[in-house]
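Labels for the chains are A, B, C and D, by order of writing; each one numbers its residues from 1.
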Amino acid sequence: MNNQAFDLLMWARGPAFDIALMIFAGGIVLRIVEIFVLGRKKDLAPAKGNPVAQGLKTIFSRSVPREGLVKFAPITYIGGYIFHIGFFIAFFFFAPHIALFTDAFGVSWPSTGRVIVESATALALLALIALIYSRFTDPVRKALTTFDDYLVLVLSGLPLLTGYIAVNKLFGDPTMMMAFHILSVEALMIAFPFTKLMHAFSFAISRYYNGAIQGRKGAES
Amino acid sequence: MDNRHSYCATTSKPDDVLSFVATGNAAPLLHEIKHALSKLLDSGVEHIIDLGAIPFGPGDERILDDVLGDGEVSATLTIMGESHVRETKIPGVWRVDHLDEKGQFQSRFIEITFMPDILKTQREDAVQGLETLAGRLDTLKGNS
Amino acid sequence: MSNKAMLPELMKTHGISRRAFMKYCASLASVMALSPAMVPRIAEALENARRPSVIWLSFQECTGCTESILRSHSPTIEDLIFNAISLDYHHTLQAASGHAAEAAREQAMKENYGKYILVVDGSIPIKDPGYSCIAGISNLDMLKETAAGAAAIVSVGTCAAYGGIGHADPNPTGAVGVSEIIKDKPIINVPGCPPIPVVMTGVLAHFLTFGIPDLDELGRPKAFYGESIHDRCYRRPFYDKGMFAENFDDEGARGGWCLYKLGCKGPITKSACATIKWNNGVSFPIEAGHPCLGCTEPDFWDNGGFYKPLSVPAGDYRKAGVAAVAGGAAIGVASALMSKAKKAKAAKAHETVDAHDLEKSS
Amino acid sequence: MSATFERGLNALREQIDAPVASFFTSCVNCGLCAEACIFYRATEDPKYIPIKKLDLMRRVWSREFTLFGWIAGALGLVKPVTDKDFSDWETLVYDSCTMCGRCTLVCPVGNDITMMIRKMREGMSAAGHAPVELIAAAGRHADLGSPMGELHPALHAQVKHAIKDTGIEIEFDKPGVDYMVILSAQEIAEFPDVLGAMAKIFKKAGLTWTISNEAFEATNVGIQLGNRDVARVLVQRVVDAAEKLGVKYVISPECGHAYQALRWEGPNLIGRSYKFEVIHIIELLDKLRAEGKLKTKGKNTQKLTFHDPCQINRRGGINGEPRRLMNMVAENFVETDDAGTMNWCCGGGGGVGSNERAEGLRHAAFKLKKIQLEKVEPEVIVTMCAYCHHTLDNVLEEFNMDQEVMGLTELVAEYLDDDV
């Protein structure tokens, strides 16, 4: 007799993960290489500031919004923060996920309790709904939104939702939900190189360039 | 000691690490007992809880023992192995432990009742008893 | 073999009192995971229970299931149940051998045709039935033949239920469980490697008293396989608090913390191990400090490794990852070089403009 | 040789480099650049979302510089860029962007949108889609030496004027001096007092300087157009003149894009570094102050505020210098909201000021500047860009506001300590 849920879970943990990983890792490397190989011309103007230092600094400092701007796009700013932080906590501080990193890279760090992980997940999901809502209603967001944006929002929400359901056994067979959870992550991985999800890696590059360009002139960034 | 569910109650010392591992199931169980007891008083309905159906950690056993304690009545039945029937410090709450002939636990119950049924003489046994007694009387008569 | 209710008779000959019978029924209710309120009905059912004939077939198996069921030996309530059935054929347990043994099976089948219970342990090879034969009869043929006259089949152990270790990749013998072959009989799966003895006897007791129990989608009695080990595990609070043993000899392992990271399959494994436990309720693997292997689930041998956490991919994904990175880099460089060539071409095609070349001619 | 679509597309391809690729890769369509943009905030029209102004360039990048985009293009999933797109984007790139750089500083993923607008203008101008005023100005600048036409006579008249006012000799084409002064056409035509101011300050500080007859124009319409060929020719003139005279420094005047052109873009345009240094006039004044060569006496008692020109502060890095100078000569110096790096643009930079088509937008954009000023209510607005000065003068008049605008160099010169 076949246990469909178990088989699906094993498929998700086995061949499906390998395929997703190949597309994910290969695609990201491809796209990062595509960026760097284009290169940029050496800047001949004598520098006033230190471009490298400011570029590196900007990778972090740009995580803090400029004063006075949050009130003009509160959903995007606050929802964005809650989503990113919530997703980050759920992804990196839930023990089963850490086990994956330990297996892959041999590194480990302390996990957090279920209460924190689940609150983070729930908040991230709520924030995601708010972000989707703002894409429907806010004129700026509406004007910019493409299919890609909705796809990415849904794809990043599914792992949170399925993970929450699987852990809490809200409905459905828990093994099946866990399979769905892993498959939803794999869908996210597969979509990664083809969509704006790339920003999770490329943001550091663009923030660096931004900081370096400004820093060279001795200007703020 | 390899007694099902209860090894910790008999082996654990207060400083035993494992004796503090609890699932958190003791408290709801004690509440269930409380409700059953008040129902018994209100309407006379008895209630039996099978301890084998509840996941219990050693710590839970300790909590249960501490709260219920030992009461006034303690009976040992010798029927295919022993059975221990004890009233707890909470009158109306009984603990019934069935052991097999090797002294291992078969099943454990908490009964909320004025008198556990197993203590009462069963009608069929009394019938059997009557027959036996009559037989013995016949023998007695024959001998005399 | 007699088909009349035999238990009251048996009790009388053993000098067992009604009170003892009630104690037995209470314990039986506990074993069958039934409510204590069911005790009177169990008593009634047992009083009327017929003594059925049981034929036990062992195929590709290790005898672990039989060993397990024998662990609960006399004189326990299980023993009483075995007094309540007539075990007419069991390789390991019967005294008869050779032709006499086969004759016993054939006779039991003939006398109780349509009424006997067939218990099977071990998987059945179907790639080449010759892989496993008894008395020159292939397992497949013997199963089909014996199943034809059975009232119900109990597949004891994961091998009989789902193929078990024989079915594990690459499954050289083409081993399958009973339900892959027999489609027209009620089948109760009692998986486990081996199953908990009390579960095996509990299922038999249920069959004797109330017939076929409520089964899940994998044919397992819900009473024993209704909940996951994880949900019933006394170490669950550690999981919820994020406290995990990382090694078999670390602080977490000594402290009795959750074994998820050591590969525990509890979250996807349905079994009563955490409540009924083993060896007369002494302990179960997790309590002994070892992660659950998930042995009551089909294909548990192929779940990616017993010590691999569930969240870790089962395959050799690192190779795929390294290959993908290398491949991605290669394609990336190729694509980027094309882009660079395009840029160089554009630079070459650059027409130097002066201030008077900025308008369209049209 | 006339402008063609192919030439424009080609120019765009030349502009795409690693930063551009990383910026487009990173964009998450969050739209937070909109709230930073003066034109979006003034109109609340979503078409002015900064990153949307770059859609055309984004499409070229995606289709031609990424494998996935190339495949999508080959499968016909994305439309190729056409000449019509160039015309559609012209007003977005030239009329509704002063390249002020606010969006660049708020983008959460760090996209330098301003730099990309500059690059996109390369394609637009090469394709013949630049505003006619800028094209005409480029012609005048190339042929006559200044975007306003022939300014030699005007300059000579103003210098004569300054000599008469200050009694200090100003010599043209004098070799061997340390500094060469260049001026923006705006200063020569509208704000010539700066000449006298510089003469006085430099005399006190003991600097030797001159003005070249061959290259006195600091502005560079090539930068506004976004055409590096035009910009290169104009920068080359200044570089040639300065290197011929052998000066150590060229002083970039109070003009925003002139500073960008000469200081930051110039060496890259001509493909080599200079044999002199470029120093902004305000940087120089602050340096003299620090060295004790610039001393003032007394302070202005009016309520003064300072307007930061985008290209000099936000995109030029000169932020502390003007404030130190202001504090030297102003008793009642008040900063507006958002002053400094996040100051609101005057609305006229990046060629928008000379673009007639954009007048409505320009006036709308002043709304934000107006809120800033009304909160502080200064009597005088001091700045360090002649074009900001010019734009503010015009809009203040348009809105019937009576603030005075003045250049920082002039203000400092007014309080020069004559006794030392």
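Following the convention adopted for this analysis, a contact is a pair of C-beta atoms (placed from the backbone, for glycine too) under 8 Å apart; a residue touches a chain by one contact, two chains touch by 3 or more.
These figures come from a predicted structure and were not determined experimentally.
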Identify the chain whose mean C-alpha position lies nearest to the mean of all protein C-alpha atoms shown. A
Please work out which of C-D and A-C is bridged by more C-beta pairs in contact, and write that pair. A-C
Report back the single chain whose CA centre is most distant from the CA centre of chain B. D
Determine the centre-to-centre distance between chain A and chain B, using the mean Cα coordinates as centres, and give it in whole Å. 57
CA centre of chain C versus CA centre of chain D: separation in Å? 76
Rounded to the nearest Å, the gap between Cα centres of chain A and chain C is 39
Where the CA atoms of chain A average out and where those of chain D average out, how many Å apart are those spots? 38
Spell out, as numbers or ranges, the residues of chain A touching 2 or more other chains. 30-31, 34, 36-39
On chain B, where are the residues touching two or more other chains? none
Scan chain D for residues touching two or more other chains and write them down. 16, 65-67
Take each protein chain as a node, join two nodes whenever their chains touch, and name the resulting shape: line, ring, star, complete or other. other
Chains touch in the following pairs A-C, A-D, B-C, C-D
Touch list for chain D against partner chain C, complex: 1-4, 7, 10-11, 13-14, 16, 64-67, 70, 125-126, 128, 130, 132, 135, 138-139, 141-143, 221, 225, 227, 229-230, 233
Per the touch rule, the chain C residues reaching chain A in their complex are 161-162, 177, 179-180, 189, 218-219, 228, 231, 239-242, 244, 246, 258, 260-261, 267-268, 297-299, 302-304, 308-318, 320-321, 323-325, 327-329, 331-333, 335-337, 339-340, 343
Inside the complex, what are the residues of chain C that reach chain B? 16-20, 22-24, 26-27, 29-31, 33, 35-37, 75-77, 232-237, 255-256, 274-277, 279-282
Quick check: in the complex, which residue numbers of chain B touch chain C? 2-5, 7, 17-18, 21-24, 48-50, 52-58, 77, 79-80, 83, 96, 98, 100-102, 104-109, 117-118, 121-125, 128
Applying the document's contact rule, which stretches of chain D touch chain A when the two form their complex? 16-23, 25-32, 34-36, 40, 44, 46-47, 49, 51-52, 65-68, 104-112, 115, 263-268, 271-273, 277, 313-319, 337-338, 341-342
